[in-house]
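One chain, chain A, appears in both complexes that follow, with chain B as partner in the first and chain C in the second.
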Partner chain A sequence: MAGGGRGLGFTAGLAVAVVTIQVAASSAHKVFYLTQLTMSAYAMLIVLGLALLMGYAGQASMGQAGFFAIGGYTAAFLTTFDLAPHRGSVVVSLLGRMHLLLTRADGSGGSITHVHPWAAALFAIVLAAAIAWLVAGPVFRLRGHYLAMATLGFGIIVHRIFLGSSLFGAADGISDVPALALLPGFAITGRAASRVSNYYAAWGVVLLTLWMLSNLIDSRIGRALRAIHGSENAAAAVGIPIARFKTQVFVLAASLAAVAGVLLTHFNGGIGPSDASVMKSVRFVAIVAVGGMANLRGALAMGTVLTFLSLRGYFGTFDDLVFGGILLAMMLFAPEGIVGGQLWQRLKSANPLKVR
Partner chain B sequence: MATQVLEVRELGRRFGGLQAVADLSFCVTRGVVKAVIGPNGAGKTTLFNLVSGFARPDTGSVCFLGEDVRGLPAHELARRGMARTFQQIQLVPGMSVLENVLTGRHRHTRAGFLPSLLRLPRTVREGRAAREHCRETLAFLGLADYAEAEAVSLAYGLQRLVELARALACEPQLLLLDEPAAGLNMRETEEMAGTIRRINATGLTVLLVEHDMGLVMNISHEILVLGAGRRVAEGTPHEIQGNPDVIRIYLGEDDDQGP
Partner chain C sequence: MLMSSDIFLQFCVAGVTYGIIYGVVAIGFTIIYNTTGIINFAQGEFLMIGGMTAVTLQRYVSLPLAILGAVAITMLAGAAIEVLFIRWLHRPSVLRMIIITIGVSIVIREIALHLWDEKSHALPHFTGDSVSALTVAGAKISPQVLWVIGVCGAMVLLLGLFFRATPLGRQMRACASNRDAARLCGINTRNMVTLSFVLSAGMGALAGCVVSPITYVQYDSGTALAIKGFTAAILGGLGSTAGAAAGGLILGLLESFGVWVLPAAYKDAVAIAVMLGVLFLRPSGIFGNAEAARLREF
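The block that comes next holds the complex of A and B.
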């Protein structure tokens, strides 16, 4: 599996590709491509987390867009909701005393006071993780693949909540989300002037995530997850608490989706309910299925290409159809289901992207 | 240390109309090899599952290392030092022999999600020590040459040994072997007998279920004979061989009229 040495080789190769693409795009005066590549990078955080969950722990989640949206909407709401009228309240004054409030000019000449973007980001991720934990706990006490059903229902509920509540902008979503300052003079923002730096920041986060997840797979925890996937009896017989580990990896995947939600929302300057739709979740499952189960690199490569093409509009009105079709094709060629071990094996031997 | 590693008292489990195990009591003394034998359907595997937490008993108690462990889940029993193998081999596909055996180190390693994600020096050291330990275990069982092979692609007899290596990597207080010679040829069965004896010689207590009488008589200090989920006889191999009740159930008399 992803041993330290080979993992570094792939990471280095990917880093070279990232730089090459930027140089090529800049010298060809097509820097606008980098915007979609940045957005693709953030989507890959969701894909990597889901690949870990599906490929190594053997659990499919149909609700990753929900966790993405919880992360994004929470960050957007907390950094756009004006707290100035509520200064008297205990919570707001406490936030003020902890220096977690920020005042900035709004679009119409006034000013708004809101939660510091970093505090909002942290809260958004912790909130998504907590919700994932609440969703997964009961599901994993049952044996089998109930997570797909539970998360499908969860995703629909989350989508409806964001779509239906005026507090979150209903069908319009939330806009005017400020930049997320990373370093002095550098922030996660969609402004054209910082396109290149944001492209590097996004892919830096992806590389870091890939490195960490490869470490995990090659660790005691990764072996425990693979044991759970391969044989729950074997896992239990060596003392691996199956339900707890499934829950933890699900929470990890949900947190990664929330990180993607936070960062992409700051990059885009807003988020809308379509980002929370179940079709988005299906898309991530399709990407992981086609990228190769238990193959983070395959999922990353296929996911980047497909997401980039989709964002550039190459699939036109067939956008959802393409991802649905991919999933259907996977089902047809692997009738026992997308989380079955046989498909995993078949993909491993058939996938030309698999680095051996 | 308690001299009884395992104490089973009045254990019972019913599946629908079938009383799989009934009113069964026995002990496993530290350091022995004890075998459970009996005709098909005598409840041997059910007994194993009840003892190791893979099934819950309806009645009775199970004491492991002096603590009541009845109803605890399998992973909790494994954590406390009870390792087992399976009649149907349970190896993880896609993982090498070494990686499969490494899963056995779970209870002796600590690294959680965060240290594993960040590959902390402490985690790397722990992983290296676990690998070294598992390579020694593989060498002990003569599997050193197969460390990097995919476990499920090996010959059946070798797969049995890999399962055994994984159980040994747990460094258990009690090793449960569910038909360790099932599917093995005569030569492999003889080798397995030698292996179990060597394992026992390290001080490890072994409880096994087995059909192969030659193997059982050869390696066991004590034998428990089951018939229809109840105890028929218990004693040394010599005592069991001469026991008329045992001879009767093995000649196929109807269990309903049995002892």
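The block that comes next holds the complex of A and C.
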């Protein structure tokens, strides 16, 4: 495994790539590419969390889109639901006294009073983490097929709740989500004018996450997680508290998915039930598999490319088929991923120019 | 809310009709699980392939021939899945197998979407039409319901007979109880695995055909069936064929009576709630042996 030094090198290289792509896109007058790259960046937060959970702790989750949706929907609901008619209630007046309410003009000339976007964001992430923590208890008593099915069931239930309840806009989802102000004059929003700044904000968050997770992997916790992946019994025998570590990683992955949900919802100005679908969860698994199960950088690189191509519509109606096919092919031929896996080693050693 | 006896019977019949289909899917899971230790997430797709193929064939040939052809084609598809994606893997991990079968199910579903379309299709009713009904003790029952119960019931009984009374069935059971011992006795365990895919594909296809006039079939109807079949399989204790059939009936009845208290939109939630309940509270199922389940590699 790479030391901290190489991790920093990759992060620096990625930062250079991020700037280069922006300069290239701007000078080629193709700034609209940055919109999809921003969306890809947020998706990568989910992927990074899942790579940690699947690749390092060895626990499959087929329900990551559920946590993304919990984050996104909570933020969307709290920043669009008009609290003005409920001013009298204890909760609303308490929020008002804590200066957590915001009044803004709505689209139709009136005004709505809602929870401050930052408070909403914080609440959304804490909520997703709390649900993950509650779910982790019973879920991690299971292994293998049963674990996969339980997380799949969780994802389906979340999808059904958002799809079925009129409070969350049923099949239409929630729209008109306001911008999330980051600094004076700068906010997370999909407006064309702030495309470049949003692109940098998104990739900044990704780089920060990658750096933190890389450090985590190289720490004692990372070694413990790999031990759990290798053999749970052996890990338990050497005194690693497996249940606690699994739960912590699960909560971390869910929180990252929720952060992605919050930010992407503010960026897109809305969220819909299709964002919570099971196929979305499977896609994230496919991306982690392509990158190499225990390979954050591989997952990030392959995931960005695939998500960007998918968002640009390059796969057309074959979108799901592409991701399903990739998932299948990867697991059949290169279960350790392309970069760094067996296939990679074989390709490397097949190079006749290589000096042995 | 009070329930009169004829409405009660109506709910029962609906529950049994769906339940027996879930039972067939659950048995399909069980057959493959027993010979391979794999949960085939693409199980529901067999019903979809069977139903859709029969609908297409039925345009050219008579209904019985179309069903026969659909079952044969689905069996071939089952064999192809095993040979292409499973047979040559050397000691795959459980995680890898899960992802492979999920990948297979997505690919089948998307190919079906492009081969056919996104609309729902149905075979004609085998006898009578969609409005004809038999009256049994005040309850109105479509003749197709009797077809479903009859065909699937006969299939389950024949399967039991096959496992008990034929040499091939005994070889499969030997393979299920101890693969290494079976191989030492000269049984070709790899072929038994292929056979288990063929068998469970064929059963799925036939069930998919008989139920399609009632439930309709479309490219993505396999997913929900797979989840319900899996729920039924673990409800009855994974690995037990009789448990799978019973689990299916219980789930079908629970769903049917669930509609009585829950909005119809949440019908699917009943199955998932049951699934999570079984997984969290009693992973060995209601008929399964908790001690034995603890030793098994799920």
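Rule of thumb we're sticking to: the second predicted complex is superposed on the first by the 326 of 356 C-alpha atoms of A that agree within 3 Å, B and C clash if a C-alpha of one lies under 4 Å from a C-alpha of the other, contacts with A are read in each partner's own complex, and residues count from 1 in each chain.
Just so it is clear, a contact is a pair of C-beta atoms (placed from the backbone, for glycine too) under 8 Å apart; a residue touches a chain by one contact, two chains touch by 3 or more.
Source: prediction; values computed, not measured.
Colleague: Examine A:Gly222 and indicate which partner it touches, taking first as chain B and second as chain C; both and neither are also allowed.
Modeller: It touches chain B, and chain C stays clear.
Colleague: With the two complexes superposed on chain A, say which partner A:Ala150 touches: chain B (first), chain C (second), both, or neither.
Modeller: A:Ala150: touches chain C, not chain B.
Colleague: Per the contact definition in the header, classify A:Ile242: touching chain B only (first), chain C only (second), both, or neither.
Modeller: After superposition on chain A, A:Ile242 lies in contact with chain B alone.
Colleague: Who does A:Leu327 touch here: chain B (first), chain C (second), both, or neither?
Modeller: In the superposition, A:Leu327 contacts chain C only.
Colleague: Looking at the overlay, what does A:Ala299 touch: chain B (first), chain C (second), both, or neither?
Modeller: Neither chain B nor chain C is touched by A:Ala299.
Colleague: So, does A:Val158 touch the first partner chain B, the second partner chain C, both, or neither?
Modeller: neither
Colleague: Where on chain A does chain B make contact in their complex?
Modeller: Residue positions touching the partner: 1, 4, 212-213, 215-216, 219-224, 226-227, 229-231, 233-242, 248, 252, 294, 341, 344-345, 348.
Colleague: What residues on chain C touch chain A, complex-wise?
Modeller: Where chain C meets chain A, its residues are 39, 85, 89, 92-96, 98-100, 102-107, 109-111, 113-114, 223, 227, 230, 234, 265-266, 268-269, 272-273, 275-276, 279-280, 283, 297-298.
Colleague: Show me the residue ranges of chain A that touch chain C in the complex, using the header's touch definition.
Modeller: 54, 58, 60, 62, 138-139, 141-150, 152-154, 156-157, 160, 164, 278-279, 282, 285-286, 289, 317-318, 320-321, 323-325, 327-328, 331-332, 335
Colleague: Going by the contact rule set out above, which residues of chain B touch chain A in the complex?
Modeller: For chain B paired with chain A, touching residues are 52-54, 73-76, 78-79, 83-86, 90-95, 99-100, 102-107, 109, 111-113, 116-119, 123, 126-127, 130, 166-167, 169-170.
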